[in-house]
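In the two assemblies presented below, chain A is common to both, partnered first by chain B and then by chain C.
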Partner chain A sequence: MSVVTSDQSAARRFGLGQAGAVCAALVLLLCLMVADLITGPAGLPLADVLRGLADGPAGEDRRLAVILWNLRMPQTIMAALVGCTLGIAGLMMQTILNNPLASPYTLGFSASAGFGAALVILFGSALPVAMWIGVPLAAFAATLIAAALVYLVARYRGASPEMLVLAGIAVLFLFQSLQSLLQFMAAPEVLQQIVFWLFGSLLKASWTSVKVLCVILALTLPFILREVWNLTALRLGDGNAASLGLNVDALRRRVLVLVALLTAGAVSFTGTIGFVGLIAPHVGRSLVGEDHRFGLPMAGIMGAVVLVAASVIGKAISPGAVIPVGIITAIAGIPMLLAIILMKGRR
Partner chain B sequence: MKLVLTSCIAALLGTAAMAEITITDLRDRTVTLEAPAERVMLGFYYEDYLAVAGEGAADKIVGLSRGPWAEWRPKQWQAYTQTFPQLADLPDVGDTESSTFSIESAIATDPDLVILAGWQFDALGETAAQFDAAGIPVLVLDYNAQTLEAHLASTRALGLAMGTADRAEALATLYAEMTADTNARVARSDARPKVYVELAQKGPDEVGNSYAGGMWGGIIDRLKGQNIANGQIENWGPLSPEYVLAEAPEVILLSGSEWLNRPAAVPMGFGADKGLAQQRIDAYKGRAGWGDLPAVQNGKVFGIYHGGTRTLSDFAYFRFLGKALHPEAFADVDPEAELTQFYADWLPIAPAGTFVMQAE
Partner chain C sequence: MSLILDGFTVDASRRSLLRIDALRLPSTGLVAVIGPNGAGKSTLLKALAGVIAYGGTRSLDGAWPAPERIGFMPQDFAVSAAMSVADCVLLGRRERLGWRVTAQDRAEVARALTALNLDALSGRRMDRLSGGQQQRVLLAQRLIRDPRVLILDEPTSALDLHHQLEVLDHLRALSATRLILAALHDLTLAARYADHIVFLENGELVMAGPTADVLQTPCLNRAYRIDSEILQDRTGSAVIVAHRAVSN
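Then we have the complex of A and B:
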């Protein structure tokens, strides 16, 4: 009896340490978001920023209010939301594929989003909707179509990691070649737009995109929370998880749908920002371990940290025209990944 | 009495200064300015802006979307920065084509007018409304539409915004008259020559894009040439070399530009050397089977500046093409001289380079 009690308290202590780590990461994220908010190409002095924030979105100084409330704030929040979404989706993908190299884009979701966006960039002038609605809508829809293809294969041939990866590779190449076809057909100017969409950028963030992504996160979050214990069990291996009474195939399919929704929401407004979904789960795991109760929030927060940090760095490097953030995440993320690999090696 | 008169004049001047300028731009938006713009954030149509705004126009620019000028037209940019070195020091707000356009940077230049091309405004989408929220008027122009109406409307809107309505009207009249004259001459001619146009960017070893319907394709259609690309491609794309030989075009048009790092391209535009352009065109004429094409045998191979369209001076390029297709109807027209004259009359620099040429 006493043994069980001490076990539980150990588990609780362990959990407290992890919760502390999550809180510390959250504080770091908030600091970075403030840093992102007070830096920008306008080079506003800190006093002006504070005045503008205090005055609110309807402040007297219209230019200041617009820069802070309508331009910088949606970008900062969008960076955090997209990073968080990609981090969570990345960890879930790595878990269901049982593969540390997996990311939200592994099963061809980024290629399909790129194809959807390219389709509208190329032929969008014929559509009755404006480009800024059409492109994210098409990217979102194409991502869900790609996910549906993978899901169908998983439904009929079983959802083992091998089967998912094979189906995903097929989808990836399908959409990549379709996208190449569109790029081949595009005039040089249009081609450039497509290529830069693929890089991913936060400049198009607006309150609309923030709201849409918030809604997607809010809708998926209850379902994600329901799976945290199951995902943790899956890390023990398929056999062990199944012996605990888990239907691993059904779990993988459910999580696949969640990952697809999250990824589609993240990429449709900002383009395929790479590397965040790969690096954030690794950082998260190395900090709080395999327990998905802490691993998922940590991966989300770390994703947000990477992306907001990349945004701050991008603004510092090029004060005028902004460098697409997708280029920076890769450059800023690689040292983090290397650090983790080296730390693990020592252990 | 004197006092009354002075106060009357003062009151009149007061009302004149208070009067607002209301313009309908090329996206059917109503733009209201309190006074002609003095601090302009210029997105595109740099030459058209300088032509319409006239004296002191360069000094009124406070920010630029520099990429479309300095990177797409590097030699033109060089020519203008030689005359106006201050352009190179202006803040760059980024470029919508590469998704680097920062509205924050643009607002930070503290403009009283933002001039954007239609494609830039469309690319900004919802975020363009932030200029309105910041109380900065945005004037959208569209010379890219390449219609007479859009050219004239863009020119007049620009004139109103810059307080140079008379100058804009004179330019619009010139453009309309030149276009009408070109149309009348084309209507007089019965010639319907077969035309092949190719973007001479990659050199003779690779087949460059041809145009059908849009860009040069639309202009050839309007000038009553038979574009061999029609029905073969949509908008643009390469034609098969075999097809070109089989069609035996009577006029070949090689569209060149100021591209950097394109060692085999036909150089045209600002700073382009005619001798070098001739050499590069000769290389194109040396393609397999081209020696027997009617266009090559009759000396009807032309070089033209790819950047010549979508601007106020493009009428001269159309007249050059008209002359290439209908030599008799345009016998007394010298398009090259018309282009030089346009620069002399309306722009602060001379066009130094090769803009159109008939290969020897």
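Then we have the complex of A and C:
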């Protein structure tokens, strides 16, 4: 980074370049979303997609309208929303745990969601609610229960990163064990359903899930935006942040609640899609730096970019079938994770 | 008007870390907090800064300044974040920052950097600075808060001789209008720059008062377990020379 001496370049340093990067990432995301709408077993050319978008859901070409608006659009928007949610939650988790390898799932939230989903898949027939709503509800509730356990430990023993991670590990093993127990009890065809849910797939997306996730984002974003300077200050380390008058324990607990809500919303409808919440914050941070005013939107957009790109790849590499995005992100995420570790070591 | 501590205590796990029955100091000036390792210097400064819980009362001019008027720099200050020096200093105005960084915010950052001769580092990344450079940047970050009380735990620990004197000269100038409490291990620097000394030992107040009254060899020898001598340099300032460590 160059040494800044003039006021003009100082203005650039304080935001203009970062805002430009966020806008460029947004354009990239929109292009990928169009690519995702074009890609799929039914094979729609760009001209048809654009015509279908212009005609709307009630367009005259019913086949086109149904494929575009009822099947592909909810999946594309859901991919962007889930990616965005996991990216934002991932950056917040990495900041409060002061750990570049943290993700929204670090504290056992994915294992708890998997347990909740598996519980309803196994015993759902005995419940008075339909499976399509029972599974996400149970995953959502189980994630919040896991978060509550971690929160309680943080409330009584302090919210240091070490304490949160220890509590998270305990929660992770608890729910993983319970999930294994359910899988052991399940009949082969039920086990297959549980495993498919755990893969993480956008095929479960619908307009209902899109609306629910939009509501969760709309409810949490105002609280997240209030914390941007506090989270940036936390990057200076606990001692420095506290000496600037910041109650770091209280901040960690508030952010933990927000991360839990975002993660619960993201995984409950699509399953546990890995690596997005780990990779997106790193890509975002490398583009706009530590300033969370730009880092959080950028992590969100990059999360959406990664997941929509994975969706395109999942559909493109196996015409006629769709590989679950959770598998694509996991395969693509491992080299990215290694790259992060190697770059970190070099620094 | 003055800084007043009454029945000021810090406890951890039923163990007393600090006990000051009564302490009165002027409301402005540079106060050096001295004492051997484990005397309670950092504990006193952290408690005054409100970072750790304490018992008793503290007041400055009848009340205690709001958190945004307190500048505290802890002993463990190392920053590993890849943020620019200017952005780091800007965070000193955390409570006053809106979504947009204003021209006034930028001007305050520039002023704080200039005050400590840090303009050349403005665009550099914090994680690529030396310990001494980081320490000066973080001091600038605290100064941007325009603190009524500046509480510094070993503010010169990572600095070379030139920057130790430069920083203490600057703090001395600032202390005309505010109270600065600084834990110092270098007793010669304390003798040269401090108006008052707070001398702690084993978590208790040994003595507090004007520098010349407190810095006396019998007291230093006993508390630090040394054989010391106080000389005068060519400017007339005291120089504390420790000849040898004395075992019990």
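Convention: the second predicted complex is superposed on the first by the 318 of 347 C-alpha atoms of A that agree within 3 Å, B and C clash if a C-alpha of one lies under 4 Å from a C-alpha of the other, contacts with A are read in each partner's own complex, and residues count from 1 in each chain.
Going forward, a contact is a pair of C-beta atoms (placed from the backbone, for glycine too) under 8 Å apart; a residue touches a chain by one contact, two chains touch by 3 or more.
Keep in mind it's a predicted model, so treat the numbers as computed, not measured.
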Contacts of A:Ala250 with chain B and chain C, given as first, second, both or neither: neither
Touched partner set for A:Pro41, first chain B, second chain C, both or neither: first
Touched partner set for A:Val215, first chain B, second chain C, both or neither: neither
Contacts of A:Arg235 with chain B and chain C, given as first, second, both or neither: second
Chain B versus chain C as contact partner of A:Gln192, first or second or both or neither: first
Contact set on chain B toward chain A in their complex: 67, 91-95, 97-105, 107-108, 110, 122-123, 125-127, 130, 133-136, 209, 235-237
Touching residues on chain C, where the partner in the complex is chain A: 49-51, 67-68, 70-74, 76-84, 86-88, 90-92, 94-95, 97, 99-101, 105-106, 110, 119-125, 127, 138, 141-142, 145
Chain C partner contacts - residues on chain A that touch it in the complex: 1-5, 7, 9-11, 13-15, 225, 228-230, 232-233, 235-237, 239-240, 242-246, 285, 289-291, 293, 347
Residues on chain A engaged by chain B in the complex (per definition of touch): 40-43, 62-63, 65-67, 70-72, 130-133, 185, 187, 189, 192-193, 196-197, 199, 201, 203-204, 206, 208, 271, 320-324
